[in-house]
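Alright, structures below, take your time with them.
Below are two complexes that have chain A in common, paired first with chain B and then with chain C.
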Partner chain A sequence: MLALLVFLPIAAFIAILLGAPARLTAISASAMNLVLGLYAAFTWQCGCWSFSLPVLEKPALHLAFGFPDGVSVIMVLLSVIVTLAAVLSGKAPEGREKLYYGSSLLISGGALGAFAATDLFFFYAFHELALVPTFLMIGMLGRGDRRQAAWKITIYLGLGSIILLAGLVWLSNLTGTFNIQTMISNKALVPAESQNGIAALLIVGFGTLVSLFPFHSWAAPAYASAPAPVAMLHAGVLKKFGLYGILRLAIPLVPEGLHFWLTPLLVLLLGNVLWVGFVTISQKRLDTMLGNSSVMHMGYIFLAIAALIAFPGNTLALPAAVVLMFAHGISIALLFGLADRIERNTGSLDFTDLGGLAKAAPGLAFIFGIAAMASIGLPGLANFSGEVLVFLSSFKSYNGTAGLGPVQITCILSIWGVVISAVYMLRAYRNVFQGPSVKSTETAADLTCVERIPALLLVLALFAVGLCPNLLLSLLKQVL
Partner chain B sequence: MTLPWILLFLPLAVAVLNQLVLKKTGLAPIISTASAVATFVIALMILGQSGTAAFKWATIGDFSIEIGFKLDQLSTGMMIVVTGVGMLVHIFSLAYMKDDSAKARYFTGLSLFMFSMTGIVLANNFIMTFMFWELVGLSSYLLIGHWYQKDSAADAAKKAFLCNRVGDFGFMIGILMLWGITGHLAFDEMKGGLEAFQAANPAIFSGVLSAAVLCIFCGAIGKSAQLPLHVWLPDAMEGPTPVSALIHAATMVAAGVYMLFRLQFTLGFEHFEGLPASTVIAWTGGITALVAALMATQQDDIKRVLAYSTLSQLGYMVMAVGLVHGEAGMFHLFTHAWFKALLFLGSGAVIYACHHEQDIWKMGGLFKKMPITGFTFLIGFLALIAVPGTSGFFSKEQILEAAHEKEPILFWIAVIVAILTPFYMTRLFVVAFLGKTKSENADHAHEVGPLMFVPLVLLAVLGLVAGYPFIASKYAPAYHSHSFQLGPITYISIAAVIIGLIAGFVLYSGKEKDPLNIPLFRNRFYVDGFYDNFIVRYFQDAFAAIVSFFDELIINGLIVNGLSRAAESTGNQFRKIQSGSLQGYAFVFGIGVVLVIYFTVFHS
Partner chain C sequence: MPAYYLEALTVTLGIFLLMAEAFCSCKSKAWVGVTAAIGLTVIFGLLFISIGPDTMPQADWAKWPLWNFYQFDGLAKFYKGFALICTILVLLMAVDFRKILSRFTELPDSESGTGEFYALPVFACAGMMWLASAKDLAGAFVSLELVTVTFYILVAYMRRNVGSLEAGVKYLILGALSTGFLVYGIAWVYGTTETMSLEKLAHLEHITNPTGLLFGIALVIVGLGFKMGAVPMQVWIPDVYQGAPTPVTAFLSVGSKAAGFILTIRFLEPFLHSDITRGPVLTILLILASATLLFGNLAAIPQTNFKRLLAYSSIAHAGFLLLALAAGKDAPADLSSAKVVSFYLATYLLMTIGVFFILAQVRIQRDGETIRDFNGLGKTNPQLALALTVLLAALAGVPLTAGFWGKFFVFSLAVDAKLWIGIGIAFISAAAGFYYYFNVIRAMWWFSPSKDDVIVLPTISKICISVLTVAVLVIGFWPQPIWALLH
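Right, the complex of A and B next:
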């Protein structure tokens, strides 16, 4: 069953290459996948979702998918929701429909494969598979300085992937298998002296993919340049691969190694929240601002991971990280999708060219307002659920007697990020939607009913998790 | 116990209904007002009840965050203020906003506000308080920015939200620390946890508790607009005037006082006596009361005078809480809510009648032209300056007594404020309501309709009588029966009122323009300018620009661009040999990666 979920987008991609109507195929495949994904969320424990196909005998290699725990289920849910929204809200340039929708599907299939794979080789390979169309789309259909942006993301993520690969190969050699579950049960085979090295490779490798400071500067130009579905799928879904990898592999396999690097990690995540936060404040365009903001918010997820590393018995940290990964994926995809609308309807994303758009496009303003409020962590929307759990998780071990530890101090400093993100988001909203109308916004079109569908899909997900985080948390019970 | 749930969720349901269904039908104002009336009735029905109920909002193992309510004398009394003022403001708004093209959005905002404020009042744990605290910030943002096409309104809304966020930064840290110390989030369980902590760590107890309380106090500084985060409240007057009455005078800004008192009540007042944090709170309140009153003496916009007066009165309340006489502060909160809402709605009626003129020096003679508004405004004025017999007198008396008992310097500061208050209010009343009309707009003013004056009359009655024990003991939150005695404090307070009144009359009677010009007060001690220019422009934005520059230069420029340039030149070499497009490169990259994996993994 799970193989169907992964191969449906890939099959649709092939069908598009063979001449099927691109948009229609992409939308119907993504819609079917959404239904499958929701069904999976209800039935993932039944065992019927596992799939295994032997590929090689020696070393034993299986094309295998399964749901080892609720984390994969939530990531799969995130992928199918964002994919449908992305293909619905995108608009291909004249004559490039095949490339545009085909690549989007391939990114989606790659991400789903990586989140569902239970075998290390395919875990890695599917992510690489998703990166190729990402680079292509930015290089061929991007805006602005697209070649430069494409080169940068290619080099950066390519290097990151290779560093990551070194760490993964090292791990699989030590544990003697590619099966992730077996690797974890063989974790005693990872000797203490290798832990630090492996952990460093994994932090840098996965970290680069997640735009951990200072490996972040590929992200903003790439997202600013990328066509809307790519920005939505990469920032929303594919980027979470690195975090997923840390949770799935690094935390269980090299806990001592991660603990060794805890202090540097805390410094780096503060770099994400504060340094990149200030970089975000100084942006003059909506697209680069959103790109930087998505880098900034990764810091909070790393904070939960740091809390988990520091206190392995911390039951709040993993759910906090996963809820925030989901929430961030949905909200950033919504923001990129709407930014694309703003550009199509007004011709610009430069703050100096915009203003008063709420008058001509109240529907767009309303939905963008929800997305912006989600992104700055307003209660009732998903991101708050994640953030408040992250903060609580980093204070889980504090009892007043011993004073504040490094994780708590990092948490306190990064709560200032809550102010920073309000500064840039409200400024952006003020500059784009409020104030008197200007030439570009006077006659701008509002969202039509059809155009609202993808946005409302994401808004619904934001409200669902914001009002009832237990929807996700109940999927995570078995991890604890 | 379903009534409290209805009380909480009815306004939310109405807000959602308005936004999704009724936006274009014109029914939204009526539905919102009906819900405000219904919530007031429910608040009366649950008055004085006690009990608690909750459901789990988020559960992880044995840890959970709850949404629930806690009924006691404090919360049910506070609900009377919130729903009572709320109901009257809804009714007033029906008339005030009737020509506004976006009145559905306005009433949706009001309902959202009622929901959020109810949540703060009823909350049974600190995370829930924080959640609704943020939602109150959102509804205030929406309502201040109601006329978002005006630059000043949009900027004011943003400023209000950000000032509150700065306070909430501390608030969140304080909640986390208190959770660590007590081990609980629910109010009912915190006290036991705190006392266990005290028994285990007697030496550091007061220091750690002070740190946590001060962090939490940051939240109150933001929401109740105390120094140094007071700057947003006067700007918030850009919102429609009924909003100023409800949110920026009677309820939301009082939430900080309510929350602090709830904190003391929850943890036990005895722990706050002599706590360093309490001293900081008391002085912050006292200084805010004084500085804001000085600023109020030189404002020309009728709403801004009232806004600074609100700051000053909130300072009184915060001071009382800091002196661990929160019951006096809560009593003043209760009386102030009615007469300040009255003054704001009265100013709204004036502004409405004068075609949106807000400068008091362009009004004049309104008492004759608008007798009901003028007369009710007079009552609000008398209550605010604490003339004996009005409600404000009783509550201010309690605050003065508390200050006299605990800290003489703060007592004398409070007395100076008690002189300044009648001074600036007399200035306002004499200039705007008495004498000759000073502009054409004021010439054409005439009395407002019954939808507007009925709320004024009701509020005026409450402004007169709310301080008497027969009302206060029943409806005021945390009311302590307090035997009122004539004594030196009463004489000082009456003398202060008389001095202020006479000074105001002598200086401003019959004047065409302000005989005083004190730039320091007029320019609000230059605090706003300091924030806008120094903190925002030079500090935050310049700092952000510098960080951004280094990000671009070092991390992006030298490291990344160096790498990608190297790669690009390699790519260019390849391009000569190979297909020559990025497309080709990307596929080669993909295949290459797979080959690399294959060789490293399977042939090792």
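Right, the complex of A and C next:
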């Protein structure tokens, strides 16, 4: 059944290539996928979703999909929601519809495949499948300095993937299998002396894909120049692959190795939260600011991961990371989608060219406000649940007599990140929507009813998880 | 049908084509190429009903002394099929390439001097097929020379083109040099072991001082390095690839390389089983593999001419193949070095020939072979550009394409054999490969075309490109078919 979910977007891509009407096919395929994904979220524990097809005898390899636990269910949900919003809210340039919608579907199919795969090879391969159209789309249909941005993301993520591959090949060679579940049960075969090396490869490899400081500099220019659906899908969904990989593979298989690198990881994630946070404040354009903010928020998720590494019995850290991954994915997709609307309406995303847009487009301003508040972490919205859980999880095994450990100190420092994100988000909101109207914003059109659908879909998800985080947490119960 | 019929039929086909072409007064010579391709396809079909002496030991032909020089095992069958498919595709490519050929041969715009161009690859194919069955160093040498001498002519075929002539001279001189190494090496091997039969070479117990033998082996590997495209005999590759007619470049890059590798596998097999030679031979292979990987991949980075880029990439792939050999694993039921090399070469055939088909058409219709000539192909010919993207991504080793599997198996072998230096270098090389192949993809999709002329593919090229691209994707998902052929 899960294979259907993965191959539906790919089949739709092929259909578009063969001449089916691009936008219609893309929307109907993603809508069907959303229904399937929601259905899967309710029934994932029944065995009916797993799928396995042998592709190679030696070494044994299966094209296999399944839900090993709630984490992949949540990631699949995130992918289907963001995909529908992305294809609905994007607007293809004249004559490039096939490419535009086809690539978006391919990215979505790749992400779904990676999150649903239970076999190491396809876990890696589907992610690569999604990366290639990402590079091509940024280079072809991007804005501004598109070629340079696209070449940069190609080189960074290409190198990151190869480093990651080295780590994965090493792991599968030691455990003697490709099946992730079997790998985890064979984890005794990973000797202590290889753990540090593998962990380093996985941190750098997955870290580059997630824009861990200092491997993050591809992200902001690429998102700023990417066409809206690509930015939404990559920042919202595909980037979570790296975090998902660390949770799924690195933590169970190389715990000692990760522990060895804990202090450097804490320093790096502080780099994400504080360094990139200040960089974000100084941005002069909405799109680069959003790109940087998405890099910054990865720091919190790494903090939850660090808390999990530091105290393996930490029952809060995994839900914290997963809820925040989901929340960030939805909110950043919403922000990128709206930023694209603003640019189409006013022709610019430069703060100096904008102002007073709320007067002409109150609907847009309201929804953007919700998204900005979500991103800051206002209670009631999904990101709040995630961030609170992250901060709580890092104090989970705090021992009053021993004093603050490195994780707690990092947590205290990174709480300042909340202030930083309030500064840049509110400043951006003021610069774009408030103040006197300028020429470009006076005549700007508001969102029409149809255009509100994708935004409302995402807002609904933000509120649902914000008001009732149990929706996601109950999916994770088994892991808890 | 006894297996040696295959070579006999191939040579007969070649001679028949030469005669028919000489006595036919038709203006277009395309039919020679098409006939050759059809003939080879028939021979390819016969391959599946051929048998060796083991299957029918009581037959008369099975007792001939020929079988002291000629063997027919699974590997031989695989490489014979490989040579046939490669030659068929090259011939089809040559048929679509005749416009350029006729411009630089006898009379401009007349095809009168191009007939032999379609007959000669058939002879090279016969040589490669014989090589796959080599069981004796003398026989192997003769068949290798049949391949090489044919290539001397083919490389310099466009005799009114300076580039082609230069390539021909370079290939001739360096080819002769490498032949010298090879013969000298064989002489040393014979001198120390008193036999040329690969079967008897496996029994080296009586040799007390292996220095002379190792010297001979090293010389032979260097000589074969010329065919494989391995350091230190790689210097000819960029210039010859660039100058030779594109179908010949494709043939050199795939067929000739595969011939070099099968002979290397056959030649090294006895020495890898003997304790006195195994260690030094693997060391030599590892050094060659590392040097080849580094040279091929790093030198490819600054290239601006696409054909030259493919030349360096061909050196780079030879490095990966040598790394698989350097792992020296021999486990018939499992992944063995020979099987991985064969698998890698099979995927390499699909990808490389596909790329050369596209390059040939771009060369004809845009009159250039630099990466800049691919600018904006995504805009003018989206489907062609998509195919080339898939093929190049496969060469770079992106997962879900055939190219990934080849590299993956090489890495698995190398990890098993604990060749950490080789693995490190191979990873750097894979990263470099990713960079230079994506450079071309970038040119196709991100830059605007200088001229808005759409490339119109001839039917044969169109079919071949689509089949090869689909095959690359299918093997990427499901590599089992090629393994099945190797079992």
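Here, the second predicted complex is superposed on the first by the 479 of 480 C-alpha atoms of A that agree within 3 Å, B and C clash if a C-alpha of one lies under 4 Å from a C-alpha of the other, contacts with A are read in each partner's own complex, and residues count from 1 in each chain.
In the analysis below, a residue touches a chain if its C-beta (ideal position, glycine included) is under 8 Å from a C-beta of that chain, and two chains touch if they have at least 3 such contacts.
In this text the structure is predicted, and so the values were computed from the model without any measurement.
Once the two complexes are overlaid on the shared chain, A:V279 sits against chain B while remaining clear of chain C.
By the touch criterion defined above, A:A125 reaches both chain B and chain C. More chain A residues lie in contact with B than with the other chain of the pair chain B and chain C.
After overlaying the two complexes on the shared chain, residue contacts for A:K152 are found with chain B alone; chain C is out of touch.
Judged by the touch definition given at the top, the superposed model places A:E57 against chain C, while chain B stays out of reach. Judged by the touch definition given at the top, the superposed model places A:W170 against chain C, while chain B stays out of reach. Annotation: chain A residues 56, 59, 121, 124-125, 128-129, 132, 135-136, 139-140, 147, 150-151, 154-155, 158-159, 162, 169, 173 touch chain B in one complex and chain C in the other.
Those residues of chain C that touch chain A in the complex are listed here as 334-335, 378, 382, 386, 389, 393, 398-400, 404, 408, 411-412, 415-416, 427, 430-431, 434-435, 438, 441-442, 445-447, 477-480, 483. Touching chain C in their complex are the following residues of chain A: 17, 55-59, 63, 98-99, 121, 124-126, 128-129, 132, 135-136, 139-140, 146-147, 150-151, 154-155, 158-159, 162, 166, 169-170, 173.
Remark: chain A residues 56, 59, 121, 124-125, 128-129, 131-132, 135-136, 139-140, 147-148, 150-152, 154-156, 158-159, 161-162, 165, 169, 172-173, 214, 216-218, 275-276, 278-279, 281-283, 315-316, 319, 356, 358-359, 373, 377-380, 384-385, 388-389, 391-392, 395, 398-401, 408, 411-412, 415-416, 418-419, 422-423, 426-427, 430, 433-437, 468-470, 473-474, 476, 480 touch chain B in the complex.
Of all residues in chain B, only 56-61, 63, 65, 127, 130-132, 134-135, 138, 145, 148-151, 154-155, 157-158, 161-162, 165-166, 168-169, 172-173, 176-177, 179-181, 183, 197, 200-201, 204, 208, 540-541, 543-545, 547-548, 551, 555-556, 559-561, 563-564, 567-568, 571, 582-583, 585-587, 589-590, 593-594, 596-597, 600-602, 604 touch chain A in the complex they form.
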